[in-house]
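A, B, C, D and E are the chain letters, set down in written order, and residue numbers restart from 1 in every chain.
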């Protein structure tokens, strides 16, 4: 069974079909690329998966279960985490707190336990803290854990978004242009990081990215969207040589 | 139909004896004036301040308390309950022998228990809600609950137009003063066998009354009775007239102020007002008061000023009596306050309001017994801006 | 270097955000008709430099000269009226206005007639046909790349003499990136002076005549673009 | 309710509503550009009324510092109205300088601006009381006639009646003349402001500033000047509103305008924040709602207005004419 | 002691107002500008006033002597007021929490207004006059401190801990970015309703004690004006740490009385002391305008502590 499957997912905005009966499946442990020209519907696809926008029609299956109709926080609790193309950090919270928040579904202390500081709650708080620091170190932000998120430079905010998403302990991680705003060298480091977290946390990753070398080097398979439609799907080499893809996206 | 006008009787008071030219000396005796000087209640409080100020100067000119000056300690209660309590506590700590205030009944329910527990006599200048004197032994009021005034005004209206059948009653539902008064008005209407066609409510902060007016005029009333305050009452009258109502209007005690003139202007003309005070009262003390007031303010004194004056007067006269009896110097402050309270309850006074006394025993001790009530009719001058209350009853 | 006054000159410019020093003592010149690029790692202070020129952050020290005139104390709108347009980092389109209104507002400082402005809008639509399709859509609902196109088109609407571009290729598909860079060259040919911040250092150095490298707020290397592209340190750090 | 009463109440509702609307227009204008509530608007409205009173050359009462003072000249009422409105606009600009701009510069929370405008409102109201006392004031009784000078030919014997009788039903529906003026003025202001905001470059710039002042300045918009202009306009409109309402109900003391604050807020929220037509529609809806409360439940009138507001918000969280904007992620 | 008899009432009022500030602050932690606190405060007050004047009567009827009303009854009323507020908050919380910003603020003000109009119309709430003669557990107003101070400390401690707990973090995340918070697994609805209810419970409890404290309760308590005033506590004090609303409540309540006291100082020029009295609210208003200029994030900000912490660390090193 595929970990994730889209069956004819469609999303309309008025007359515009942003995602047009798109079907594909992602296997456990894959790094799956989603590429296509600007406005092709990639981000919208992520929004459908994370329930930020409901699909007009079609089915989305996560671990065999249809997740259409669930609330965003329920999706998160099921193990799907994401980063945002237009960065959405909790700007006034420190990096550390940003990461702590995302551990919400894996912690259980209720209001009163938290307030009374029961041993369980205290133990939990320690765990949360330790894990948050570890994740920040992992993405290279260990030094600035107490800095407010909004004061980070653009590239660092992207790394923080990844750390935050990882804190959710997802099974499926959706990365929306994680390398935007990084230079080629940094993108290389990022690419290693993505591979590392896939192995370390046993993740499946869907990646949107416009930087072709990164996508081609990193992804196991790639799906290409154009005007909301899936125009190609396959191994990087296959996709890269597909004339439709070259025409619509890569250019020559 | 006239039975409602009966009043409990009191001994006729001796007129206040002014000893001009006495040189004042000694530690002044402090009387607290805790009324609203700020907030939207200040419109009323401002008049009380003026009345009290006139009283302070007047009685000191008349020899104070057998040669000792009185000193009025003003504290702003602002418009809320906490403000009233704060003001009361400040003046009590300042060593006043008694307090005049606060402006609103609702505030009184908050602050009066403080004074009562501290054993400080309070003379309420404008608290007409039921239950005020019952707060405690030390709480009295100089403001008559309109139970007695109201029927007079309705009777006066019937005199002017014997054909009145339908009566529409309006009152400000967020004002303790108005909502106490309206009960009396409504009872009177029923007692007189008139038809209480509708009761419409509004808020003192309202400025538009067209909905209520249309509701009422649809029932064809020949008399409209309004319990409210100056601005809202004035506007209600104005709009009633603009909507073509031509019948009689009886205004409650809250409309008994020249402050309504700028609001309803020429349309104020003819309102019959139930008064606890009339500047037409011919007693010498009132005429003196009226003169001083007119000198300073250029208009006839309103009821709130007169009541504040009278409240101070009660304290002064009672203090003089107490001094004559035991000598104020011999009394500790606490004892002085207690004795003052006992003394003032058992005296009668010739005030600008007319002869005044108090119930001195039982639950309702401190309730005013007022000898005279008035009914006046507003007469506006040509300019439509100024006018006068013409005494009719 | 030419003897005429530079179009843009920064003298000892420093910027701090509270306690954080984002830029130290930067000296930079851009001559008329030049393309100059600014490269550096995340957080190096590139965007800060552009923000300081546009006067939306206050320098703690130093001077900003445009055509030799000190504008360090001018308000941002005065800078725009001097012919400077800024494509800010993260696009910052006016999300609740339509695409077309965004373009209109781009021409806010222009006093010429409606027709001229309308004509320029059409020119932008020709450059970015995607924007024409979306002309009545609220800018906030555009895709990331579409917003980036709008931000660039909007800046061009003021017909700037000097263009500040902060990562114009951000989030754009490869085809469009190429398109953007050819537009940059074209504008430059038409005489527009350009200061370009770009993560794709390779492309930037190909396009620019000179470059500056920022590291943690300090300018460490500067020189002709071709030299920088060959510089070992630059290659290692930024060209991957 | 008889049909006659019903129609009368509809007329009343529109009349009350137009008072709310005219108050709310200036209020919502500031929201539409700054995205914040200016609590001092009520005070500006009040000041407009007092300024005009002063300019008519009438003396103040006996309370307050300016007791019995008056100007050495007196203006014809329509001029006094204009002067009062201009002064109110000026005060509004000063308010912006004192309570809004410094905070904007410091990047303060927009709620803080709300509170500091509230502080100014408290100060202004008390300054008024300090200067001219808490009593009511009124305009010369000729005021209505004067401002309708160009329309006098419409009325028999050239004199404006206090009320219009509209013989739609029997007995006729009665509408107070002042209310007709207020209604007409609000519609006029509505049209003018709508044109300004939707039809002009300045309007587009205002909307841009409302959304993102920094980006707007990158486009060459002088945000400070634009905001100042908006405040002036809001104060001017508010001043006119204050005078007209003052003509209708008298200037009932320093709290005159503040009393409209809460209803005004309800009105602009009901209509949709920042929407100019929304302010008028919201005013009329609340006015109608209040007027149509059955006579025996009149005590609940105020609750009805707010219940309407509550229910509408549950159905349309953005208000009647407010635009929803869902930020794309 | 003289000081306490003069200022005892003020001191306890300050504590109550600080708690009202907290009650508004709790929903604000989740980013909801709810001004409903005064409505629950009014409700709590009525519950206490009605119970103590009609149910908790002394044996053999009659009135309680001043100072003899058993404190246990006050506590029972307080708990009941908290419960009733919680129920009502649940009822109105769910539908209204779809609203945001000023829209939510207005919906909650609508609730406050409806409570006020109801209490002006109902027999049981005493209409305009309200309920008076609320019996006193203490003779001195200052003695209320034994109820107010523990409640303030408990609620402050509660919020302090809350801010640092898992749930508090979820609240703050919602305030910063609701959508991102949801994507990180935080349930917006339950957390927002929870915050709304917690704030309501606190306001209701404060109302219950206040009814005794003020001797009377009427429709003038807990109105729109109070909503705005309490908002001012939070904003002036600082809206990002629980200490902000507490400080704001204490200061803004004390301010007019402090000005009054200053005016009373001997030896001031007459015009000045007169202005301090008559113009007290002018000064009050202007101070509210000026304070934010110096403290644009409120008087207390979380950074204040951080910076100090960093400094001490440096000093130690």
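The criterion applied here is as follows: a contact is a pair of C-beta atoms (placed from the backbone, for glycine too) under 8 Å apart; a residue touches a chain by one contact, two chains touch by 3 or more.
In this text the structure is predicted, and so the values were computed from the model without any measurement.
Under the contact definition stated at the top, the chains bordering both subunit A and subunit B are D, E.
Here the chain-to-chain distance from subunit B to subunit C, counted in touching steps, is 2. Taking each chain's centre as the mean of its C-alpha atoms, the one that lies farthest from the centre of subunit D is A. Our note on geometry: subunit C versus subunit D, Cα centroid distance of 44 Å, whole angstroms.
With centres defined as mean CA coordinates, subunit D is found 36 Å away from subunit B.
For the pair subunit D and subunit E, the distance between mean C-alpha positions equals 31 Å.
Residues of subunit E found to touch two or more other chains are 120-121, 179, 278, 281. Multi-chain contact residues, meaning those touching two or more other chains, occur in subunit C at positions 141-142. In subunit A, the residues that touch at least two other chains are 43, 52, 84-86, 88.
Every pair of chains in contact is given here: A-C, A-D, A-E, B-D, B-E, C-D, D-E.
Residues 157-158, 161-162, 164-170, 172-173, 176-177, 179-188, 194, 198, 240, 306 of subunit E are the ones touching subunit A in the complex. Listed in rising order, the residues of subunit A touching subunit C in the complex are 13, 36-40, 43-44, 85-87, 151-156, 177, 180-188, 210, 212, 249-251.
On the side of subunit E, the complex with subunit B involves touching residues 2, 5-10, 13, 66-67, 120-121, 127-130, 132-133, 136, 139, 141, 214-216, 218-221, 256-257, 260, 264, 277-278, 280-281. Residues 38, 40, 42-43, 46, 50, 173, 198, 200-203, 205, 207-208, 210-212, 214-216, 218, 230-231, 234-235, 238-239, 241-244, 259-260, 262-266, 296-299, 384-385 of subunit B are the ones touching subunit D in the complex. Touching subunit D in their complex are the following residues of subunit A: 43, 47, 52, 84-86, 88.
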